[in-house]
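Chain naming follows the written order as A, B, C and D, and within any one chain the residues start at number 1.
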Amino acid sequence: MISGRTLGQGATCEAKMTPEFYEATSFCSLSEGDYNSLGLSDEDNVLVSTPFGDVVVSPRIDSGLPNGVIFIPMGPWANAIIGPETGGCGTPQYKGVGSEVMPTKLPVKGVRELFADLINKRGVTS
Amino acid sequence: MRYIKILPLQTFEVPIEAENICPDVFADLTLSQIGNLEVWEGNRKKIISDLFQVSGDDVLTSTKDTLVVLDGDFSRVKRIGENMTAGTIEAKGDLGMHAGNNMTGGSLQVEGSAGSWLGREMRGGLIVVKGNAGDYVGSGSRGEACGMRGGDIRIEGSTGDYLGEHMCGGSIMVNGDGGDFPGASNRGGFIVIGGDAYLPGAEMASGSIVVKGKARVLPSYQYQGLVGFQGMTLNKYLGDLADNGKGNVYAASIDVE
Amino acid sequence: MVKDVLCPFCGSLCDDIRVEIEDGLIVKVRGACKLGASKIKGHDRIKAPMVRKNGDLVETTYQEAYDRAAQILLESKRPLLYGWCSTICEAHKKGILLAEEVAGVIDSTATVCHGPSIIGIEEKGLAGSTLGQVKNRADLIIFWGSNPSEAHPRHALRYSSNAKGRFTEDGRKGRKVIVVDVRETKTSKNADKFLLIKPGSDYEIISALRMMVNGKGDVVPDTVAGVAKSALEEVAEMAKSAKFGALFFGLGLTHSRGRYKNIDNALSLVRDLNVHTKFMVMPMRGHYNVTGFGQVCAWETGYPMSVDFSRGAPYFNPGETAACDVLGNKEADALMAIAADPASNFPWKVVERMAEIPVIQIDPFENPTTLLADVVIPSAVAGVEVEGTAYRMDGLSLRMKKLVDSTSPSDQEIVSNIIESVRWLGHDN
Amino acid sequence: MIIKGGIVYDPANDILGEEMDLCIENGKIVEDTKEGEVIDARGLLIMPGGVDGHAHIAGAKVNNGRIMRPEDSRQYVEPRTKLLRPCTGYTVPNCYAIGYRYARMGYTMAFEAATPILEARHTHEELEEIPIVDKGALTLFGDNWEVFDCVREGDMDKLAAFVSWGLRASRGYGVKVVNPGGGECWGYGGNVSALDDTVPNFDVTPREIIRGLTTANEMLKLPHSIHLHTNNLGKPGNYATTLETLEAVKDIIPSRDRQVVHITHMQFSAYGGTGWPDFKSEAPAIADYFNKHDHATMDMGQLIFGSATTMTADAPLEYNNARLLHAAQWSNHDVELEGSSGVVPLLYLRQSPVNAVQWAIGLELALLTESPWKVVMTTDHPNGGPFVNYPEVIALLMSAPKRDEEMATLHPWVSSRAILATVDREMDWGEVAVMTRAGPAKILGLENKGHLGSGADADVTIIGVKPHEIDPSKDHHKIKEAFSRVKYTIKDGQVVVRDGEVVAVPQGRTYWVDASVPLKQAERLQVDLAEKFAKYYSIQQSNYMVQDAYVTNPEVIEAEGF
């Protein structure tokens, strides 16, 4: 899995609580081959799992991606499955994270839902 | 041998910087004087006795006859044994970052694991870790031309990345895996990794790195044939030729994907 | 209409934007890309300062927010002051002073972006130039792990592949463009040569290219991380035969396995190429003034990021003192986030720490960090509502304009006020 | 304020070791005062505040040096105090360290030596952060496309108009010329190697650039002459180029009572031999030329053993340094339309044959040139070494035994390839005061600096030695110590250093030169500039000039020659 910038993500990154940002960052691009071999259809979402976590995002075909590589725009959905290790240099490895992709009927969480557990924790501690 | 035991009074959250926990500093001091030495809890200046219980023999002795035993969890205590020249530190548990940095002599024994920058810029002495160690074992501070220049580091577990970066001398033995880029930019020294390693010897000028497990070898290394080492047959490589290096990487098996 | 406006979005820092203003409101943005126009036109704002009471954020006065922020920072044994990329250097200077006063750790978004580039520069130095030099001279452009079509949309036309200058009158026609990436992108579709590589194989590919540039190509195996040697030879030859080459690299290098080692090797490649021709290299910096923070921090403290003042003197060690380190290792016991949104941009385990400690947010916009904050202080948008200095990705400093008024104070005013509160409360104690 | 009973060295006013009281009012030296603090300076050495005419202390390449060298920033660290910001660094100190360390040595003014106009805003951002001392920046003109075009067309009126505009755009103090033509050639990896080489695409030569800029400088009656880093700097045999350069401007009449050219860090331009194997000092030839001619001045560029960070607008030189010395780090920075620069960290070693000779050359230049008014003491910070070593240089100039002690620790080339061992001259206090104060002030055209006459800025150094009681030749270590941490530094009448410690941190002024030009010439120039911005620069002309916000405490020197 690699994460990165997109035009849509950039144009909405200062309006993160909006539907536009959600649209622009809560998806996962796959190659056509991978999309088909997972048997995905329009109604499906995908569950992406790494050693650091799971996240549900909506799948899209990106013909530019080679098989075996998925792309999630920079943002909270991608970061939900990125590891905290900085390898001694301060920067997490945001790209090239080994991941598994499975079709799912689970919904994609909104921003507030994604952070719900942490918000609750905050509410309790304060 | 004078025995001094240091025991944390609490579980630390904010890290402690305790470069004064060192045989060289303790040798000349009574237990109560040791208790009055400066330590830092984050940005708060404290004394050792604020955070630790100090006990043991209250007779002064030479540095080399000083044994400091760290009993408890020191995983968030940094810079233990900094500038150590002689004597012994025995940690019963884990140690935090920068243990044994700039060490020139003596012995640092760790029953647990050690944090990153273990033995940074070490010039002599012995460090033995029973568990794992973090990143940058035996390396240098940022920008420093030489990391470790002498002494021995032995890790029974595995290490993080950049093991022995900028190493100019000494030896490091790791029983487990050696992480990414061990021996990067080396100008000497000897590294033996019992397990696997990823791209050893990047930009190495000189020195030797032995990988007894599987290694991914850079395309800027030239294959030199098979050689024997401690009863094993290893593939020998010369490099890093991208930097006109004359170092050697030896690996039992090669990761070619 | 205000002409020659600087765009407060990406590191290209375009300075030719025209903005139409009517009745103190921005009505039209001309000449900017989608990213810049969106930023300048603005978004919904945080309306008032807030503090968390009984679990909920409630509106308050600025003074109470400053005092609460100051109190959090004073009580903290290891506060982290993080962000700074989307604000001006005048705010950075105040921020560094605040970090000194509260003996905290100050770090910028560079550490989740081009921090590895800076560590690479510490190993090798950097053969760079201003962007105009590339525009006027470069006949070969390489984009490596960088997709300016999405992240720096006007870069190509203003400065690099398509720009026209004194010795490059034919623009794109007179240039060769090489793209190295792990996937096809809009940028790669416009390239003369696209080198598709496997994620995490950058270091090996660069080493192979260096061998070829240095006349040792015979040692390189027939394939390198799945790429045919002949394809690499072609790239090496194109680079050597250029009159002026430019290598722009992005997060594809800094965020992948190898991180700063990838940069270190890329800088070495450019150094090797300078034996044969003229070559420059530049990180494609993301936010418009993340470069500026590095500059200010370096002249104020000696280091460009990740500076720890806990013992009174600056200490620098990314891997220990970077934002993700002090949060991820649960060292930080308070966070001030300014002009950045760490809750969205940090890995989840790091964000979890934010929920455990007091968080102060200074930002014009609501975002996930707001959801976790105890103190929220809305600020004016630097570069739109506040004038001040920003540094372009090539290190060129420019003065951002103030276009319209804001009801919120500027970042530097907010930080100055927190410093005042810190001094007052600290003195009190 | 009254400073009582000091032994005053004020060579600009022919005062050489007189016991006298100094009076200060409203930041100026006055004849008499009844007000303020009385400082007892009985028997102590008093000089005007030091003026550093050439150091790299602010701007893009200095900061690149800091960013490249975290290991340097770990040196000489001083934590924050109630009054002072924290300090870091030896060769590339942070801004605060620069101000405090100058002040502790009794210096009250320093010039940043090389600023491209395009990046002057950055330079001023850093200058603003350097506390205490007054500052100025020299602006780079020697590789500027507009300069080339004016020179090629022989249009000296337009060139003068451009120099005036460039100084204003950069808020610069004077005209800096670095390896003229070389920076442009470096745009494609080349260089110039002789005064009459042609710069490709522009059809000008280094000789024409130097003469053109010297002529324009004098048309404008700028306070300072052109400030020249010679072609071929750093190369064996370059003294011939240096002498040829000096001859090339001999006929141009200075517009003020000063030199017509200042050759900077001459140590790097006084090399003999045909290569490194037969490298030797040609300082005697250079000094001989200076003894016979009066149209030029120089500064030493003294080498200091240990760590240095070389940084210069002579980018091809830095590339060669990096290649020759296999330096681990090399930074380069080309500036569109205006030249280039480079940064390479180096270590000068006592046992390096070349370094030993370089060390001797700097001292030979100072000691063999008869008039101290022609030689400013510098280390070309941080190229020859950091400015904190000025006290070391002073001690070397004042003590032949110290030089002998040093030479005994150096590579034997210091004796076989240089004549320093045979030079027994020892500078006196007056000569030191000239080389560090009165001389640079006169060379830079600073009327209120470098002297203690009535009306001068009340910038005063009180040094903790008693000149009537000490033998500098023998007690050179005491001299070094006393100049390292002076007893008092007084800046604009305020005590800023007492007993070697900084006690007050005022904001210094930034000097820049506003030179008038006829409207017609300015308008002609604008046509050229509009085209260059439209076609070649990567920014708009309206965003180019340094705004007032970056020079918050300006001292504008007006020049009305043209």
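In this text, a residue touches a chain if its C-beta (ideal position, glycine included) is under 8 Å from a C-beta of that chain, and two chains touch if they have at least 3 such contacts.
Treat the numbers as computed from the prediction; the structure is a model and nothing was measured.
Closest to the protein's overall CA centre, chain by chain, comes C.
The chain pair with more C-beta contacts between its two chains, of A-C and B-C, is A-C. Computed centre separation for the pair subunit A/subunit C is 21 angstrom, with centres defined by C-alpha atoms. Rounded to whole angstrom, the centroid-to-centroid distance between subunit B and subunit C, based on C-alpha atoms, equals 33 Å.
Mean C-alpha position of subunit A lies 56 Å from that of subunit D. Each chain gets one centre point, the mean of its Cα atoms, and the points for subunit C and subunit D are 35 Å apart. The set of subunit D residues touching two or more other chains comprises 68-70, 72, 328.
Contact of a single residue of subunit B with at least two other chains is seen at positions 116, 135-136, 141-143, 180.
Across the assembly, subunit A contributes residues 87-88 that each touch 2 or more other chains. Inter-chain contacts occur between A-B, A-C, B-C, B-D, C-D. On subunit C, the positions that touch subunit B within their shared complex are 76-78, 102-104, 119, 122-123, 203-204, 207-208, 210-211, 214, 216, 219-221, 224-226, 257-258, 261, 264-265, 268, 272, 309-311, 316-320, 329-331, 333. Residues 87-88 of subunit A touch subunit B in their complex.
Listing the residues of subunit D that touch subunit C in their complex gives 58, 60, 62-64, 66-70, 72-73, 77-80, 85-89, 92-96, 118-119, 121-122, 125-126, 129, 186-189, 201, 319, 322-323, 328-337, 340, 343-344, 535-540, 542-543, 547, 549. Every residue of subunit B that touches subunit A in the complex is listed here, in rising order: 116, 134-136, 160-162, 180.
Touching subunit C in their complex are the following residues of subunit A: 2-7, 10-18, 52-53, 62-66, 69, 71, 74-76, 79-96, 111-112, 114-115, 118-119, 121-126.
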